[in-house]
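In what comes next, chain A is part of two complexes: it sits with chain B in the first one and with chain C in the second one.
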Partner chain A sequence: MAIKVGIPRALLYYRLYPFWKTFFNSLGIEVVVSDKTTKKLLKEGLKYVPDEACLSIKVAFGHVKDLIGKVDYLFLPRLVSLERGTYICPKFIGFPDMIRSAFDNLPPVIDTSFNLRRRPSNLFLPMCRIGRIFKKSFLSIHQAYKKALEEESKYLSSLRKGNLLPEVLSSWEENPPPLLNTHLKSKSGGELRIALVGHPYNLYDFFVNLNIIKKLENLGARVITPEMVSPLAIKKETDKIPQEVYWSLGREIVGASFYLIESGSIDGLVHLGSFGCGPDSFLRELIADKIRKYPEIAYLSLILDEHSGEAGLVTRLEAFIDLIERRKAKVRS
Partner chain B sequence: MNIYLGIDVGSISTNLAVIDEEKKVLAWEYLLTGGRPIEAVQRGLKEIEKKLPSQVEIRGGGSTGSARHLTGILIGADTVKSEIIAHAVAASHLIPEVKTIFEIGGQDSKIIIVRDGVVVDFAMNTICAAGTGSFLDHQAQRLGVPIEEFGNLALQSKTPTRVAGRCTVFAESDMIHKQQTGHATENIVAGLCQALVRNYLNNVGKGKELLPPVVFQGGVAANKGMKAAFEEELGYEVIVPEYYHVMGAIGVAILAQETIVETKKTKFKGFEVSEVDYKTRSFECTGCPNLCEVIEVLMSGEVISRWGDRCGKWEVLEK
Partner chain C sequence: MKATFPHMGRMDIFIKGIVKALGMEAVVPPTSSKKALNLGVKYAPEFVCLPFKLMLGNLIEAFERGADTVIMVSDRGPCRLGLYGLPMQIILKNLGYEANWLILNTPHALHGLFQLGIEKEVVKYRDKLTFVDGLLAFHFGWKKMLAIEEIERLSLKIRPYEINKGDTTKGLYQGMEAIESADNLYDLKKAKDAVIKDLRSIPQDRNRRPLKIAIAGEIFVVLDSFANLDIEKKLGELGCEVDRTIWFSTHILHHVGLDKFMRRSKGKAVRAARPYLKHPVGAECNATVGYAILYAEEGYDGFIHLMPFTCMPEFVAGGVLTRVSKDYNIPIFTVELEEHSSQTHLMTRLEAFVDLLKRKRQKRQGLEGSRGD
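Up next, the complex of A and B:
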């Protein structure tokens, strides 16, 4: 029977899953993904979460809990940096340790470090270490690695064509959560284009964000996300900021937001943050500051936590869309 | 005469307003929701019908407030809009040059920024209910001051007591402490108003450009102490409109009129809905571990609408 490696459906799962899955499968290792986030899954994890964790870490705890007992290994790589010059959030770096200290019935944890801050070409090294855990030959590891890179580039290029991440990701998933996105046309004609920016684990976890993409689409919006913006455009924008934004995802969120704001292609921008997220509190202000210079673009900032009420979210989204539609109608008349 | 009806069903109060083609307010009704929105709407309809001239034709109806979706189904609303837009539309109609709207209701407070008659930005209180009507109500009760006299009492104060208003729980402890050390009630009451205003401006109004004219509406605008405290903090006049407590209803009546211009024909079911047997019931869906609470609305025993499920599988009614 094939060895089973468990990957939590949380944090950077939404970005790196096609890469990890291809790598493991090519080595003949089975990948098990935790269930989609539910009230129960979140609640089960909350019992083990240390104080001062952000919402996203709390959710990730639930996913780890869900995998315990179902897998031979837990895959919780220590993601320090995935590109030159930037860091992943320190809570991610400490995540394997948080998990170890919280649970005592864990399967072996694979917590190989990834630090590509100085040399992005060093990605093969940690992959080798992972492969060696399973006593695989260098040749087969290298082949699996190459294949994983290919799949990842397929994944990323499909995202950049303007497809929504959950739709694209579903072709790599065994049991993708039901897709709740259907590109609806605006009722009042003239599709509204709304940028929805934030960390991918907030944007694409339908439970955590109370299905915000579907809600926006039902209100007649076409949703645009940071993944649809090319890395080059993001870099061009972030280079203009005097102070370096050194969180990988934060840099992407700010860069993509600035690009979309300046391109004149959006009617509104929604920043979706999670409660307890340090970087989000900065990003929110950076984006708000920029958007103030573009009065024709509406801005809404939302903060999610595990108690988020649907009514509050719906009222804000409805008012936000109404605001844009009424303004457009006024300009037309 | 053609008229339009607007209903605003909030957490604390249910408000109705009827306007004519010229958007003039013909009648209004203000009653407590008391946790029973359907009954409140039906009672309100009965009451407001009595106040209307006999020869009227309802051309359109709209609903707003936290029970807007339920109310919309109940009355057959032509438009169902969020409180923010409804309040802004009413304020811009009554005070066309308005730039800033403060709205403080029973359980939420909001700020709406208007430029040239359109909403450009808004914010609502997030996790904190300090500074809303419920808190004032509760404290008035604790101090033994009827809420109607709260504002006048605050105006009598010459040296308002400084009350910590960041959080309702701490505000209450601080207030008790001030009482124990001998501060006069009117000073505490005035201090409370100031604390709430500071809290509102720092939380809800954070980062917003507060330009006059400012319109202050919602139930709490009845409190003269709050109006005075706002004016002192901002340094300019704050306008409390005549219909400050039913602005949401007026706004959504105007929105209904706008909708009818496009759709021509109203979906309003008529005042008879006050006699129809409406009920709601809920059940827990066990289809997945989310265990959503699904709400069903029944008209004369038949399910006419459902909501509350995350996945949407119950929203579609099987015919």
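Up next, the complex of A and C:
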């Protein structure tokens, strides 16, 4: 029987899953992903998490709880930094340690550090360490690593073509969440172009954000996310900021929002933050300041928590879309 | 140039000492107060941590007094402190305060001072002053800071024994004023000796056996008595001998690499935390966990972990501390501080915590009972 490695469907799963999956599968290791986020799963996690956690960490605890007992190894890489000179978030660095402190009956945890802050070319080393845990040969690890990188670049280029992440990710997933099948396939979608920015684990977890992408599309909007903006454009925008934004996701959010705002290709921008998120509190300030100079772009800032009500969200989105449409009608007349 | 800086504990005494000795001008914002906090809360982003809100309030008050240059520290992450300057500039600009920002882009104290030395605005002063002047000024400020810390340490030792509640605190505040007004090293020494004598002569009941509690956590809230609601004083008056893990001087010494031989250095704490935290998380996180372990091994009765609400590194520490508390059998009390924290609320919780510690001690010593109250 193949060894089973569990990956929680939370945090950077939405970005890195194709990479991890290809790597493990090429080594002959089976990958088990935790269930989709549900109320029950979140509640189970809440029993273990310190109360002051941000929503994303609470969700992640739920997913880890879901995997316990189902897998031989728990894969919680310590993601310190994935780019030169940046961090992800301090909570990501301490996440495996927090999990170890909170749960008693954990399967062995793979918590290899990924620290590419000083040397971005250093990705193979941690991959080797992971492979050696399963006593694989260096040759096969290298082959798996190469293959994983290929898949990763395929994934990213597909995202940059303007496809929504859940659609793209579904071709790697075993049983993609059914919500996606109802997704508006036609690219012409709506005529309103709305940028939806935020951390990927808020944008694409349909339980956490109450399926906001579909709601926006039903209201006749075409959603643009930070993943669709090229890294070069993001770098150009963030270089203009006097101080360096050193959270890699934060930098992406700010850079992409600035780029989209300046290019004039969007009618509105929605910032999706989670309750208690540290970086979000600053990013929101930066984005709001920028957008103040562009009165033609509507701006909506949403904060998600585990008590978010669907009706409240729908009302706010409808009002937001109404506002944009009325503005457009005014310009036309 | 009328430079200003946000408060952090009694850091203003250190900076004022340097500025005074150099004959420069500095606008020191009024001591952190409810007013500064309210100003900060009004204009700061909602989920930002308490230090940001207090610092923003300080700066607004300083601008009202005519400051035009802000000196701000910064580093390269991952804690939010490194980016404080960015949203602050935006917020203050929108409020109509145009200022010149000197952002010292480094966590390293000496490098920061060097950077400050070559700033355009500061260079103007360099015609009149020599390098030795600067060095002497720094030395004077440093001595002043050490004197303040010495009497603070002493007050922590004396407070649980005092017979009339509040004597120590009164003596401490008077002593701080006396030290603050000292103009040269001779006066400083004289003032310090007088204060120490005064504090020692406070009527004490040496038969008490106070509980021993250590305080650690995020540096700003540990150092700043306004931000932490005077927790040291409260604990002292509840009859506990408090030891604070972070002092301004130890923090600077750690960054310069000179604290290696101190009994409880940050480096030692970080090493002690290694079984629980395998990678440096940032800010004081690893040290907080390590201090809990070190103090538990020394036989302390309790440990208080201070953190601002939504603080990222200390949140990780808080999660790990639950396990440390179990493994080392030391009660750990995490206090989250935010703008709504109230004195009475904290007091009630502290009383409960101290009661718990007392009972634990009684249990350990059989039923002989402690005379610790």
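Going forward, the second predicted complex is superposed on the first by the 321 of 333 C-alpha atoms of A that agree within 3 Å, B and C clash if a C-alpha of one lies under 4 Å from a C-alpha of the other, contacts with A are read in each partner's own complex, and residues count from 1 in each chain.
The definition used in the following text is that a residue touches a chain if its C-beta (ideal position, glycine included) is under 8 Å from a C-beta of that chain, and two chains touch if they have at least 3 such contacts.
Remember, predicted model here, so these are calculated numbers, not experimental data.
*Asks:* Clash or fit: chain B against chain C, after overlaying the two structures on chain A?
*Replies:* They fit: once the shared chain is superposed, the two partners occupy separate space.
*Asks:* After the superposition on A, what does A:Ala319 contact: first (chain B), second (chain C), both or neither?
*Replies:* Touch partner of A:Ala319: chain B, not chain C.
*Asks:* Which partner does A:Phe124 contact after superposing on A: first (chain B), second (chain C), both, neither?
*Replies:* After superposing on A, A:Phe124 lies clear of both chain B and chain C.
*Asks:* Once chain A of both complexes is superposed, is A:Ala311 in touch with chain B (first), chain C (second), both, or neither?
*Replies:* first
*Asks:* So in the superposed three-chain picture, is A:Asn211 touching just chain B, just chain C, both, or none of them (first/second/both/neither)?
*Replies:* In the superposed model, A:Asn211 contacts chain B only, not chain C.
*Asks:* So, does A:Phe134 touch the first partner chain B, the second partner chain C, both, or neither?
*Replies:* A:Phe134 sits against neither chain B nor chain C.
*Asks:* Can you pull out the angle centred on chain A between the C-alpha centres of chain B and chain C, to the nearest 10°?
*Replies:* If I round to tens, I get 80 degrees.
*Asks:* If you stack the two complexes on chain A, which partner ends up touching A:Phe103: first (chain B), second (chain C), both, or neither?
*Replies:* Touch partners of A:Phe103: none, neither chain B nor chain C.
*Asks:* One more residue to check, A:Arg327. First (chain B), second (chain C), both or neither?
*Replies:* first
*Asks:* Contacts for A:Lys40 in the overlay, against chain B (first) and chain C (second): which applies, first, second, both or neither?
*Replies:* first
*Asks:* In the superposition on the shared chain, how near does any CA atom of chain B get to one of chain C? Answer in angstrom.
*Replies:* Value for chain B versus chain C, nearest C-alpha atoms: 6 Å.
*Asks:* If you lay the two complexes on top of each other, which residues of chain A touch chain B in one and chain C in the other?
*Replies:* 303
*Asks:* Would you mind writing out the residues of chain C in touch with chain A in their complex?
*Replies:* Per the stated touch rule, the residues are 45-49, 74, 76-80, 82-83, 85-87, 89-91, 94, 103, 105, 276-283, 285, 307, 309-313, 315-320, 322-324, 336.
*Asks:* Across the complex, what residues on chain B touch chain A?
*Replies:* Its residues touching chain A are 66, 81-85, 115-122, 124, 126, 207, 288-291, 310-312.
*Asks:* If you look only at chain A, which of its residues touch chain C in the complex?
*Replies:* Touching chain C from chain A are residues 49-50, 52-54, 78, 80, 85-91, 93-98, 100-102, 111, 113, 115, 241-247, 275-282, 284-286, 289, 303.
*Asks:* Which positions of chain A touch chain B when the two form their complex?
*Replies:* 38-41, 178, 180, 206-207, 210-211, 214, 288, 295, 298-299, 303, 311-312, 315-316, 318-319, 322-323, 326-327, 330
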